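To start, the structure under review is shown below, and the notes come after it.
Note that the chains are named A, B, C, D and E in the order they appear, and that numbering of residues resets to 1 at the start of each chain.
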Amino acid sequence: MMAGGYSLWLPVDVSKHGFEIDRLIYALHILMAVLFVGWGIVFAYCLVRFRQRPGHRADAVVIKAKASKYAEIGVAVFEAVLLLAFAVPVLARVKNQFPSEAESEVVRVVAEQFAWNGHYAGADGVFGRTDPKFIAPDNLIGLDPNDPHGTDDIITVNELHVPVNKPVIVRLSSKDVIHSFAVPALRVKQDVIPGMTIPIWFEAARLGEFDIQCAQLCGNNHFKMRGRIHIDTDAAFAEWKKSKAPGEAPKVSEEDFQL
Amino acid sequence: MSLKAFHVVFVTVALLFCTGFGVWSIRSYLRFGDGVWLVLGAASLACVPVLVWYFRWFLRKLKRVGYL
Amino acid sequence: MVNVKRVAVLCLAAVGVAVSGSDVLAGGPMGTATIKGKAMLSAAKPSMRAIDMGADKACAAMHSKPQYPQGKMVFPDGSIPYAFIYLKDGVTGKYDTPSTPVEIDQQGCMYRPHVFGMIAGQPLLIKNNDDTAHNIHALPKKNAQFNFSQPKKGLENKLEGSKTFTRPEVMVKIKCDVHPWMSAYAGVLSHPFFAVSGKGGEWEIKNVPAGKYTLAIWHEEWGTMEVPIEVADGATVEHTFTYSKAAAQRDVNVREVTVGSGPIARASNP
Amino acid sequence: MSATAEVIPHTVEPHPVTGVYNGKFGMWLFLASEIMLFGALFSSYVLLRVGSAEWPHGYSVLNVPLATVNTMVLITSSVTVVMAWYCLQLNDFGKARLYLLATIGLALVFMVIKYIEYSSKFEHHHYPRTNLFYGLYFTLTGLHGLHVLGGILVFLYFVGPGAGMWKTDPHRYTNRVECAGLYWHFVDLVWIFLFPSIYLL
Amino acid sequence: MSAATHGSHAGHDHGAAHGHDLPFWRKYVFSVDHKVIGVQYTITALVFLLFGFSLMMIMRYQLAYPGRPLPIVGSWLGPGLVNADRSLSPDGYNVFGAMHGTIMVFLAVVPLVVGGFGNYVVPLQIGAPDMAFPRLNAASYWSYLSGGLVMFASFFMKGGAAQSGWTSYAPLAVISPGQTVWLLGMVLLITSSLLGSVNFIVTIVQLRAPGLSFFRLPFFVWAQFVTAFLLLLAFPPLEAAAILQLMDRIAGTSFFMPTGLVVSGQILPTEALPHTGGGSPLLWQHLFWFLAHPEVYVLILPAMGIVAEVVANNTRKPLWGYRSMVYAIIFLGFMSFIVWAHHMFMTGMGTKLSLFFATTTMIISIPSVVVLTALILSLWGAAMRFNSQFLFALAFLPMFAIGGLTGLPLGLPASDIHLHDTYYVIGHFHYVVAPGTIFAIFAGVYHWYPKVTGRKMSELLGRVHFWPSLICMNVIFLPMLFQGLQGLSRRTYDPLVYDAGQAVQGWHFVSSWGAWILAIAQIPFIINFFWSAVAGKKVSDNPWDATTLEWAAPSPPPHGNFLKSVSVYRDPYVYSPPGRPSDFWPQNQPPED
């Protein structure tokens, strides 16, 4: 049962922050196991020891079980530790401490039923203006053809490329309904809410090609809303960008028309 | 809480409302100069003494009735 | 990998059927006149980008050459395909609804045909010839919407009765939401006098009864035009529609908004 | 099966500890849930308004004088319903009935004015879908109007087919009118909050 | 106090006289007797439970064998639900998913634990002749049934049933077919719950037998009491949300529709979707989860109540820490109103808000731990009687423990990043409600069956029902936790589309077979349920030697419940009291006896 770095437990992690999330998940599962086994031992012991049999009568005297109180306090303390020592710092780092845009790769992702549209600023580093009225089959995000900043922009569908070892800021927005941008391998997930632009960031530590899933029900082909994220070396990333840059308007010959 | 108790609350709220709305309307009149606001404000403020009188009458008349 | 040439031929054949919509029909009065002509563009050709089929590897694998949006096609001589030409006013008779369905094929992640005409109530047969999932989302204004999926190759759905388009409407857009570039347009009429321009922008409406009509043209990119026309029995009238500017009348409420954006979430502002 | 009620304790007589009879307690619980309902709608109103770039002042698009008259009508109707209940306690059914009829009349006046307001909005092609403001205006006042309509039906029942209970079980009848009065006060109170927040602000 | 005694007397006299002269349809169909209504609720809800489960079994076929034509049922389903080759269509999958959730939560489990058990048992356990408002009670049932029928009918309507998930997130729900009927059904169900909860609270407060103080109430009554408050206060916001969404759908308002939407290439507003924008999709989520988190406790609290009853009765000793359990669930009730946004960690809310809700979520886990610990410690020193209901109640404990514990990683926003909306979530809450609440429901059925029918259910069939059910439940839901850890998104029609899905496809296969065998394992229960009603062993009024008041009434109890007035002299679970020969001392037995 192995495919693309997936195993029985957590899948492969290619991000720089992911180990903290994984560590928290491991810690939580250890706590869960301890509690469950602890309860289970008492439980199993009771089942065997206190069965009804002739001559045995239940002991109605209330047992003063300090153990339970300690257990409950222990759980509370452990939860507090998890919350304060693990969850809070991770959350703060992932959600708040954004890298500067100058030092990162900034990508826009416009979700729609049922595709992830990628938008790169191109050589000038400025995103072209977009407007719904320009949306067309060959202009899915509605890039304004009159905006000079937009002429060099790169548009992709269901395909993102990001450089390795460099912070990436993804600005998420949606054309229609709520989607959720999930990349398990990068330990990244963020709902994409129409009417809002929500930035997230991550830094990839390893090369590879991974799934982008839609994690929020978005319609009948929700399951088909799968994108791929390619983590490239700097050189490969630059190369890819170059290959995608829109050059001169293509010369379309009669043979290209297929009725 | 009986209907009497709720009525007490209700009349109090109505009093506050009449005062507030009266003041607000007069201020709107001063701002926009539209006579309608003056009429509304005056009527609303006029309701205040009426309500106070009614309130006292009500409390005296329903003395026997409990609040619970 | 589908043989591109063969697909092209098949599709041309499909357009051919649509062009002569009037052959299939009976019921109302049929005449002997013919109206034919061309659809032309005299304005500058639109700029276009090749469709990025990277969204679905299955789609990309079916094409060896880049695909372009069908609505923006202009032949080197300025003629345009995929214009829908029909008699808008003046047809009086009542025409039967044929029971033979209009076929729409999904092939290479494109609709074949891209533009077609049909008679209100005529069944629709929708086929999936692609090894991927499609959904078929019709966006009519006067008819009932439909939106269903065909998740694998070989599936077909026949829509008839109240499920198909039952009221005349020009045009009904049909879209695939999985592959956002995929679209088709249906001209739903109450009579069989319509045609779709093909190679060289040519079109032909046959068997028209003598009379006065309004001849109209619709094109996805260039908009609509109308012209009064009179035909006598046995006559052939020619008319060339020429779009001189980007008449694109898209009935949209233009707003000053950025696509899918809005206030930046305050809490996580970078 | 009106007879069932006899077997259930505290249908008429108050419970010695809580001090209320079942119906009143139930009515207050129901009003608590109504508070949550209107509270949620008011919160939605606040949230949507705060999130909007622009929002018309209620007084600039809505008919404040008409609504003011409506407010006064509702306040008066609360007075008449209390009086009806008080008259029942004094065993004066005839007068109570008149007060109940007055309450119904005032409620009908409210609905007629509401109708005039709505139809003038429709004449000007202002529908719920026009914008968020009108959407909320129609939803909130419409839901409140439905509550008024419910109240009218209940009072009609009390003066009509339900009035027979006054002969068989006057205490219970009085309690019923009290419960309906509580509901009516709540509906009026909602209006006193709705009026400033929609029409004035 | 004398009024209450008098009332009970009157109830008996009246009931005995009245029970006979009612025609059949008044006695068993349009009855206002809480017992008949309780049975009506139970049977209707069990039918819906089976129906909701059937929907899931069909979905599990698609998950185990993606794209394969459905055997047998494929030919029964309409063209919207299946493809031309009779395999489940993506639309059908979404319809079944949404309706499975809706049916299980709103039409099966809540009506069972509250409408069914609550209605039947609460008045009996507090020594009341009926609910406080019998006709309201009947109205509540009929409103529930109409809501259920509307939901069921939506499958056959144009546009089909709802397909936007049971959470109905806007804007998807606003633009999807079938949702209007769903909303109308919900309004009826909410009305039913509101009427029911008012009735429960008034009944418990006003109608307790003399001597039955609050801290002498059986734990089950406490659980119902807290549950009723949750229903009363949490449902109206959902009703408000439903009204707003209904307006969005039929009047074209835009409460949940932001500006600038482009749906299927069309810029809104269009004629079909006249939404002008300006609304907030998150508003729906806030209103929805404000209900739906307390709803989780509505599902689990009465189940805990049933388990507590069965545990106390079959361990033959008082519950350990009864008072702390009561305080715990009251606290749970309060807290459940301020944890809702932990369902929304991924919506881009600020970290401060996230931390607030994470903290309240961690706090709310403590009372659950208290209740669970108390129930386990109640076993210590017992003399356990392993009958069917006790087996189910015992199985509830570890299953609920897994369900509760797996909630922890989801309650912390950092670990939730990886697990949110994956199969881990599905595994988590199904452990709470399926082997949790539903096992408690089974325990309740076996426990109170003799009270309702005067006959016992078969112990043999009970065991044949229990063991495969326990095993299958784990076979179904444990794999989901592993699938979730892999990151597989929920609501995925064809899991093979994703790498993660391919990696864990084997688990889908296991889960599905578990589900189908679980269905077979319910056959003994169904046989037992109907067969025992006519051929089960006849038993006395108090076959389990229980202490609470319902066992003081005849089996089945007549109209008006008790033959003579009952008074209460002691705590609910006086089992094996020292110095007494009998190992139980009913609450209503006078001390000098």
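Following the convention adopted for this analysis, contacts are C-beta pairs under 8 Å (C-beta built on N, C-alpha and C of every residue); 3 or more make two chains touch, one makes a residue touch a chain.
Note that this is a predicted model, so its numbers are computed, not measured.
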item	value
Path length in steps (a step moves to a chain that is touched) from chain A to chain B	3
Chain labels contacting chain A and also chain E	C
Dominant interface by contact count, named by its two chains	A-E
Maximum centroid distance from chain A, chain identifier (CA atoms)	B
Chain closest to the middle [Cα centroid of all protein chains]	E
Per Cα centroids, the chain farthest from chain D	C
Between chain D and chain B, distance of the C-alpha-averaged centres to the nearest whole Å	18
Inter-chain centre distance, chain A versus chain C - centres from mean C-alpha coordinates, in Å	40
Between chain E and chain B, distance of the C-alpha-averaged centres to the nearest whole Å	48
Approximate Å spacing (C-alpha centroids) for the pair chain C, chain D	56
In chain E, residues with contacts to at least two other chains	89-91, 258-260, 262, 264-265, 267, 269, 280, 348, 351, 493-494
Residues of chain D whose C-beta touches two or more other chains	none
Where chain B touches two or more other chains, by residue	none
Interchain contacts (touch definition) - all pairs	A-C, A-E, B-D, C-E, D-E
Parts of chain C lying in touch with chain A, wherever the complex brings them together	4, 7-8, 11-12, 15, 47-56, 65-73, 75-76, 81-82, 110, 113-114, 132-133, 135, 147-149, 177-183, 198-199, 250, 252, 254-265, 267-270
Chain B-facing residues of chain D, complex	14, 19-20, 24, 28, 59, 64-65, 68, 71-72, 75, 78-79, 82, 85-86, 89, 178, 181-182, 185-186, 188-189, 192, 195-196, 200
Chain D residues touching chain E - in the complex, by the definition given at the top	1, 3-11, 13, 15-16, 18, 22-23, 25-26, 29-30, 32-34, 36-41, 44, 47-48, 51-52, 127-132, 135-136, 138-139, 143
Interface residues, chain A side, partner chain E - complex	1-4, 6-11, 20-22, 24-25, 28-29, 31-32, 35-36, 39-40, 42-43, 46-47, 50-53, 56-63, 65, 68, 71-72, 75-76, 79-80, 82-83, 86-88, 90-92, 94-96, 112-113, 132-133, 135, 142, 175-178, 180, 182, 184-185, 187-191, 193-196, 198, 210-211, 213-224, 226
Residue ranges of chain E in contact with chain C within the complex	67, 79-80, 83-85, 87, 89-91, 177, 258-260, 262, 264-267, 269-272, 348-353, 493-494
